[in-house]
Amino acid sequence: MTPGRLEAFSDGVIAIIITIMVLEMKVPHGAGLQDLRPLLPVFLSYVLSFFYVGIYWNNHHHMLHACTSVTGPILWANLHLLFWLSLFPFTTGWMGENHFTAVPTALYGVVLLMAAIAYVVLQQAIIHAQGQNSILKKAIGRDWKGRLSLILYIVAIAATLRSPWIAQAILVIAALIWLIPDRRIEKSLAMSRDLAIGSHDKAAS
Amino acid sequence: MTPGRLEAFSDGVIAIIITIMVLEMKVPHGAGLQDLRPLLPVFLSYVLSFFYVGIYWNNHHHMLHACTSVTGPILWANLHLLFWLSLFPFTTGWMGENHFTAVPTALYGVVLLMAAIAYVVLQQAIIHAQGQNSILKKAIGRDWKGRLSLILYIVAIAATLRSPWIAQAILVIAALIWLIPDRRIEKSLAMSRDLAIGSHDKAAS
Amino acid sequence: MTPGRLEAFSDGVIAIIITIMVLEMKVPHGAGLQDLRPLLPVFLSYVLSFFYVGIYWNNHHHMLHACTSVTGPILWANLHLLFWLSLFPFTTGWMGENHFTAVPTALYGVVLLMAAIAYVVLQQAIIHAQGQNSILKKAIGRDWKGRLSLILYIVAIAATLRSPWIAQAILVIAALIWLIPDRRIEKSLAMSRDLAIGSHDKAAS
Amino acid sequence: MTPGRLEAFSDGVIAIIITIMVLEMKVPHGAGLQDLRPLLPVFLSYVLSFFYVGIYWNNHHHMLHACTSVTGPILWANLHLLFWLSLFPFTTGWMGENHFTAVPTALYGVVLLMAAIAYVVLQQAIIHAQGQNSILKKAIGRDWKGRLSLILYIVAIAATLRSPWIAQAILVIAALIWLIPDRRIEKSLAMSRDLAIGSHDKAAS
């Protein structure tokens, strides 16, 4: 199986997840502006989750871009990641309907944390399959964003015991750090391409 | 990331949006022709939205056709556009269920306006990434359809204060103008291809 | 735009239509075998529609296989076809829930008829774009299946005035005729390929 | 039609099936941890079905990888398989909502069995199309996993008469055996490639 297949299937699942989340926003019966007010928290949780799924889609493809062949463990690690992402519509809907109270916010954080762990597991499966000179390993480097996210999710889950609003703020920040441009993987890929061309030139001369 | 990936993912999301809108048309319990009558406004709003999503799908691909590489800003601008499109099923259902009354029609117009703005933002992100000799910039030219649409959406939103039916009429007209054949992008692409072949011929001779 | 894009988007929409139809089969509350009985007509109408959507998917791709470039009219004719197909989940659910009574069966037939007409319109749009030596025109030949289907749908709609069961029988037959193997398009494509190779050989010798 | 098309469409349908199953897990109204408890069986049945659909997706692609051209019977056998897979969300929801009682568990087993039979039928259709030297036939060998699965599904269906919990245990085991690494098809493909290269070398020398 080529990474292309895996990517296309994951794309399909992620596209459906990001779209069916909106179905949790039930059409209200009244026709006035005030009928929309109860939907505001559901809408806000939808915005946050849309953003998170977008981040995962983005990172997922950059990662698979550095993956050349798909092994059994990679395949199952990928399905494992998709499983946790598929729970986003549920936790998003529950958190939104309950106006960001403690328990639903904690569960939202737990699913985010599990997805992040599943992402790391998938990363390790690819690195392991690539062996010593793994392009992906060089590409991710110290992976500060990934590590920081994991910590922030745990802090957010703990914070729900105190104040769900602090937890929300942390989850928003954990999303925003991914907007900081980061071209590690592209750089590393470009570098390895240059090296390949370089060694090819040497061989040719 | 290649435009192909972005296109495939956007295709998936748009295909889901266009299809789940139909789920707002709930199956009636009765089995007579008169049981369909209450569904007529929902059906009409579905037709209008299907048409709008079709226009977006069409324009989106013509635009990406003139895009050669995907940067971070392009990626996020694209997700931003998909976000507003993903709200179509909600506003369509609300407008249909409330028989095209003022507030739901205004919200429908607002989401159309936001999607149109997101489209312009995406266009600018691609033009910016292509630099001075942007193919897309030449291709869109004065973009009278895009500009007229923006104005018509704003007029329609304002018109709901007076009569939601005038607003509807404006929204229908704003959709129909996109049926007028328009081969600017293809033309421009064909031209730049001819130029490239021309300069190639010169170099070869 | 290449036919590949059009095909991929249509594939996505058809895949979603064929799958969300199953959502009309609501999970019953009881846990006994007798709780499934009321679902039987919904299940049967699902089977019929699954089959019909499968036929459309199959024919659609054979048709696009004989299409080399996509024009504006082809694009809109294709969206028009997808529109009627997107109404299948609704008419399927309504017919199933009302145990194949007259009016829902008639509406089911009307949507089938409209989809068939949309298919013919799309076919004509492709043939028109290909000009005089249209591969598709040769490929479809007299198109007896397409013509017979149209007639059967009309007969079935009329038959609902008498007996919805006769109408159902006709709709089932109209589906089964598509199972008869039919390799017209492949044959014609193979032929035109042979001709192309033949003329190429002549030019080379 | 190429296997690529068939794969892409099947991918789409499977991606939607795996994702809409989660919609059976309705968002609870309360905001406490105890409000999640009634959802536990629905969640567990979702996990099992997610796993099963993942297995089908995986096996399906390995099988199509060994298929070079698509005939009419292959196409319909594939749609037949997708039909049974499309019933997973329904049987999963029914089994979960009724806490794994006998009849819903039996129906879940029946749909699994029918999907497994449809899979074998598709396999045979491909082998038949490939003729005597079928790569797929060599690749699947004795197919002990496929055969064992069929037997386990039948045993599980019978076991529901005694104890649905024994049935559940059997269904879980029937899923887990697919995690055992199995590279028959890849091996066989690699072998036939080697043979092809070998004979090519001979012809060249």
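Letters A, B, C and D name the chains as they come in the text, with residue numbers starting at 1 for each one.
What we mean here is this: a residue touches a chain if its C-beta (ideal position, glycine included) is under 8 Å from a C-beta of that chain, and two chains touch if they have at least 3 such contacts.
Remember, predicted model here, so these are calculated numbers, not experimental data.
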Contact-graph separation of chain B and chain D, given in steps at minimum: 2
Proportion of interface numbers common to chain C and chain D (over half same, under half different): different
Chain whose average C-alpha position is farthest from chain B's own: D
Centre distance in Å when chain A and chain C are each reduced to the mean of their C-alpha atoms: 38
Whole-Å gap separating chain A and chain B, where each centre is the average of the chain's CA atoms: 27
Per-residue multi-chain contacts in chain C, two or more chains: 8, 12, 16, 20, 23
Pairwise touch network: line, ring, star, complete, or other: ring
Pairwise chain contacts, counting only pairs that touch as defined: A-B, A-D, B-C, C-D
Residue ranges of chain C in contact with chain D within the complex: 7-8, 11-12, 14-16, 18-20, 22-23, 25, 27-29, 31-33, 36, 47, 50, 54, 57-58, 61-62, 65, 179, 181
Touching residues on chain A, where the partner in the complex is chain D: 1, 5, 8-9, 12-13, 16-17, 20, 23-24, 72, 75-76, 79, 82-83, 86-87, 89-90, 93-94, 97-98, 101-104, 107
